[in-house]
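One chain, chain A, links the two complexes that follow: it is found with chain B in the first and with chain C in the second.
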Partner chain A sequence: MKKRFSIRKLLVIGFLTLPAFAACYPILFLLAGSLMGRDELKANLSPVLSGGTGFIRWSLLPAYPTLREWVRLLLDTPEAFVMFWNSVKMTLAILAGQLLVGVPAAWGFAKYRFPGKKIFFTVYIILMMMPFQVLMLSEYLVLDGMRLLDHPLSVILPAVFSTFPVFIMYRFFCGVPDAIIESAKIDGAGHLKVFLHVGLPIGSAGVISALVLGFLEYWNLIEQPLAFLKDKSLWPMSLFLPNIDLSRAGLAFAASVSMLIPAFFVFLGGQDYLEQGIMAGAVKE
Partner chain B sequence: MKLGKRTYKRGDLAGLLFVLPSLLGTGIFLLVPLLDVVRRSFSEAVSGKWTGFANYQAIFSNPAFLLAGKNTIRFTLVCIPILLVFSLFLAVFLHRMGKTGSMLKSAFLVPMAIPAASVVLLWRFLFQPQGLLNGLLHQLGIQGQDWMNSGYAFWILVFSYIWKNLGYDIVLWIAGLSGISENIYEAARVDGAGEWKCFISITLPNLLPSLFTISVLSLLNSFKVFREAYLVAGNYPHESIYLMQHLFNNWFLDLDLDKMAAAAVINGIAIFMLILLLKRVWESGDGAG
Partner chain C sequence: MKKKIIQMLGGFLALMILFTLLSRAADSAGIPRVTTTTIQSLSIVHKVTAQGKVEENREQAVTTEANQRVKAIYVNEGQQVEEGELLFEIDMEELREQILNMEQEIEKQKLQTQDSLSSKAVEAERKALEQQRASSDYADAQSQGDRAVERARQELEEAKKALEEYKKPSSEKQAAELKRKVKEKKEAWDAAKKELQALEKELEDAIAEEKAKAASESQAEAAGSTETGETETKETAVPTAGQIENELKSRYQAVLDAAKEKTDAAEKEMQDAEEALKEYQNGAAQRKEQRESEKGQLEQAVRDKQAAYEDAQASRESSLRSAGNAVAGASVADAQDSTARLGEIELEQKELALSKLQKLEKAQGKIMAPIRGVITKIALTTGDRTPDGTAILLADLSSGCKFVAQVPREQEKYIARKDAATLIGGDDKKIEGLEIASVQMNEENQEQLDVTVNLPADILSMGQAATLEVSRKAGSSRSCVPLETLHYDSQQAYVLVAEESQTVLGTEMTARRVDVTVLDKNEKYAAIQEGDLTPEQKLVQSSDRSVEPGGRIRLEEE
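Moving on to the complex of A and B:
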């Protein structure tokens, strides 16, 4: 009996591993491509590049792995370098701004009563659910009025005031027990002190969850820079990648992987927080 | 602490100070301009003259708007049921597998971390007329396609959406599954109920509150497929994947601001209705997660 059970379990695992592998395959594909030499890529891609007949070929792993395309990316393509840093600066600025503005706001919503709180919070929830197409024109009008178009701030500022991280952190701050806050107050702690020394440490998981979700979102930014940044030297990496011609496939692979690595490490380090964040966005208010 | 009349102590107002910077920024960058867009949707862009519903009439007789609207609705109706069923199916297995299950769950979450811009390279390799997919089909003796320039583009986008969101939905389903008490199952098994019976009469009904939440969140995530569509096919993709965001971008480039305003309002209202629905479910159903 026991043995049959374990065979069945193995079958299920095998059956589930297939789609799981498919889900992760793009990483392997990009890594393999970025380690292929120029000649190997050229041979694989020859039907497309030289207009011949036949089809692209591909192998799971590179036949002659080399780091040459990586070196080329780092040393010979200043434009890729600039755009990579644009992505880094934009993402970090947005996340820093969200921390500065959003964390206190989430605390205020979670632990205080003040006039208009309910209405404000409902508006926050509605705004957080609106896709960019709804907010695009309004953001454009403000940014245009402030003469911020074609400046990195045109992407950063609206994102800083995104209401989604406030909602996520709010959910975690609500879990801070009132009894602890009361006892801190009795010990003479003021509002700011309670927030910094009681709220933040206990609700830190929420802050990290919001940061992980935020990073994965803003590292991928496409719509906003496309609309608000005309000057291509300000573009993030995500807009640069699809413009690389397949004749420079080696560079495209190395650049794709350079984009993937930071996101992947944030994912590895923050997976628990990512899951908590996903759940916090769904549980009823 | 139920009070008939709301009274606020001085200390409560400190909360307002915590919230104030965020309120100001949200007001300036999001809320006030959004209201301004509503006003603009009823007037002419250049002169600012009140035109009533003229802009709305214009967009509803605009073929591009109707196409984008149709595609967006078709996309949601096709991909959300597939995603919900497939992710629930996987979640049920993963939930019961303990450690192996949570490892596999991580694998399904990985696509969330893969930037759209990176994965687009794989797409170009797969779906070129001379790409990997056609090569494979050729070996099987099947005639290939120009995938991205045909109606198949729609299905490629569906696939990409499911690939990206599977892990997200699995996490939510598993949260729902863990909320169901093990005792109910044990009682049913004592009464002689089989696996399938348990699933139909215990698991599914108990997941109902989660179902609504997960559907709406999946819908909101579906707007992000524009990224993949844009990165692969640019501003003018095959007509089966011409989405709302494409249309907005093109109107934006032409400075068709009054059309944009009216379409933004229509989109906003459609989503707002869905949020009201979600809120009602949140308030009536208990313990959605």
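Moving on to the complex of A and C:
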């Protein structure tokens, strides 16, 4: 094995480590910031936050590390937990909704023939391409008409009917061989049974990858809750401390790190599926 | 591996649940629990309470002669005495000695005064004499001086006159007379010369005429002789030119001679006159010299007399001045001498002191209480001498007493003259129906007011402590709040109103600051401007920790 680590390889690894570090640097930055004291943060951040001159200085090792901001976040800031659980609830509700709506939709697109299927699917893809900002106004008007503004559903419902997971899962369901479905049907399975016992198990990777991607997206929602929710008690964690000032910079760092942790776990757990899902999205027929 | 990750995620969520609970608990422990109240309709009563003491209304000092030895004191401070009660006694022996001394001093003083009066009279007499003498000296000096000056003036006048006299007959006049004569003679001579010349001219003219006549006649004769025969006659009648001339000359000779003579005489006279003038002019220089010297002597005499006159005047002035000085010196008043009058005054004073001492002696040296009162101060010690001022201070009981208390100055507006007051004595005895007599600034402490209540006699004893209570009711207000609800931010008063508000944690109670205007207040309630608060608003009254405006609160269950 050792032989394979030739000098050339070492060089390549070395060459690739640099951008990898650059990519990871913001996370280290966050971790260091959450451990800094208020004075150190003030000295480092004053150019941006309190009208000082010069540039931000930063070091990866806090000069005077302290857990103060963590204690403040975990024990003195119940608002942060309200928001954290809001995020959890919102994300889980969205993902559950997508399971209920998106998975059958994707199965239908993949395995059924019906008039206008192509047109519908094209509309789906077009909708998937639309950024939120384009749809925001129409969504707002619709939500207002449904009296859903300032309610968690105003964020949850549009996400539940999002087209992206359908697209992802469609790819996976397309990969389910028709022969197996035929055999199941011959064995007497109905449409539902075929979907539940043949389609889902085979396309589970697609479902999971869609859920992982969805989690990462909805865990970090910012625009939708900001646009549709006025009641701050409904806001997700991503809107915690929308205005960072010097006195709360440390808190913001700690909150950001705590926000990162679930996403990290989900990423770790769903890493394989995530790759498959991204691949499914990337390879077009 | 995946299981582990899911377990870790579960662990993380469990941790988050734990911290959610913990932070909630910590947060709610930090929220002040408050009690609330609402505005009430009340009338604000201002009650002023103050501790004070009963003091005398008037004090009277008992004095006696200073410097007496105190033999015995019969009273103590705080003791009540009746009018005429014996207060203290002084040593009679020493008093008598002082009286004797005083009498002797008065005698001495009398003698001294008499002496000074007689010496003053003698001095006045001497002075009058001196004055008289000086004025007569002055009169003498004046008359003598006048005489001397008059004499000198006369001499000066004479000398001036002599000089004038001498100056009058002038030699120039004589010379002018001579010159005038010379001129006259010269004019006479000139006239004679002219006359002579005229005559000579006349003669020549006559000669020339005759000559011309003769020439023309001879011509005519010559012509006639040729023509007529008359020539003969004519020839005889015509003389020659020389003949004519001689004839005329002889005819005029006498006149010419006379004229010549006259001219010569005039010339002679003129020469004489000139001679006389010359002679006079020759002698004039000599005469002039003599006159000059005489004139100089006279002028010198005038100058001398003038000087003598001025000297006489000056000497008169100086002698008058010295005599005048002597008069002035004699009439200068003597320095004021009040010795005698002062002696008299001193005498009177001593007599007065003596009379007082005698009065004291008459009273056997016993000092009585002049009024009924309480002894407040004794400035005497047995065996020592009496002081100059107050010996014993008495509080006048007959004029009643007063209660004096101090109240802080900020309560000035709640207490005024004529306010009804209640006094509570030491034994909880309530005395009502009293009236504030005065409210004045305390002299020592500007932050305090002295409140005085006049007490009827014998209600409270002197020096007793009591509590003053004065209540004043202000108009009723519908917006009264307990004082605890009021807070101050520099000068602005505000209350905290408990209100529901939406926060991240949901609906919570917060304390909102509402600024109010305090119209009046006493120690319990404040009346605030109506309209600042509504009756529904819950005002934070008390809390278990400090409440910040805008901070979260929890209402305590009632």
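Convention: the second predicted complex is superposed on the first by the 244 of 285 C-alpha atoms of A that agree within 3 Å, B and C clash if a C-alpha of one lies under 4 Å from a C-alpha of the other, contacts with A are read in each partner's own complex, and residues count from 1 in each chain.
Here is the rule we go by: contacts are C-beta pairs under 8 Å (C-beta built on N, C-alpha and C of every residue); 3 or more make two chains touch, one makes a residue touch a chain.
Since this is a predicted model, take the numbers as computed values, not measurements.
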Item to check | Overlay on chain A: chain C relative to chain B, clash or fit | outcome: fit
Next on the checklist: Quick check for you: in the superposed arrangement, does A:266 touch first (chain B), second (chain C), both or neither?
Outcome noted: both
Checklist entry - So, A:85: does it touch chain B (first), chain C (second), both, or neither? => result second
Checklist entry - Of the two partner chains, chain B (first) and chain C (second), which one does A:158 touch, if any: first, second, both, or neither? => result first
Checklist entry - When the two structures are overlaid on chain A, which partner does A:120 contact: first (chain B), second (chain C), both, or neither? => result first
Item to check | Which of chain B and chain C A:232 touches, first, second, both or neither | outcome: second
Next on the checklist: Looking at A:64 after the superposition, I want to know if it touches chain B, chain C, both of them or none. Which is it: first, second, both, neither?
Outcome noted: neither
Item to check | Contacts of A:75 with chain B and chain C, given as first, second, both or neither | outcome: second
Checklist entry - Given the superposition on chain A, which partner contacts more residues in chain A: chain B or chain C? => result B
Checklist entry - On the overlay, how many Å separate the closest CA atoms of chain B and chain C? => result 15
Checklist entry - Is there a shared patch on chain A that both chain B and chain C touch, and which residues make it up? => result 266
Next on the checklist: Show me the residue ranges of chain C that touch chain A in the complex, using the header's touch definition.
Outcome noted: 2, 5-6, 8-9, 12-13, 16, 19-20, 22-24, 26-27, 502-506
Checklist entry - Mind pulling up the chain A residues that touch chain B in the complex? => result 9, 12-13, 16-17, 19-24, 26-27, 29-30, 33, 47-48, 54-58, 100-102, 104-105, 107-109, 111-115, 117, 120, 123-127, 129-142, 157-158, 160-161, 163, 166, 191, 195, 216, 219-220, 222-223, 226-227, 237-242, 246, 252-253, 256-257, 259-260, 263-264, 266-267, 271, 274-275, 278-279, 281-285
Next on the checklist: If we count contacts the way the header does, which residues on chain A are in touch with chain C in the complex?
Outcome noted: 74-85, 88, 231-233, 235, 258, 261-262, 265-266, 268-269
Checklist outcome for this item: Residue set of chain B touching chain A in the complex reads 6, 8, 11-19, 21-23, 25-26, 28-34, 36-37, 40, 90, 93-94, 97, 100, 104, 106-122, 124-125, 128, 130-132, 134-135, 138, 163, 166-168, 171-172, 175, 210, 213-214, 217, 220, 223-224, 226-227, 230-232, 244-245, 248-249, 252, 257, 260-261, 263-264, 267-268, 271-272, 275, 279, 282-283, 285-289
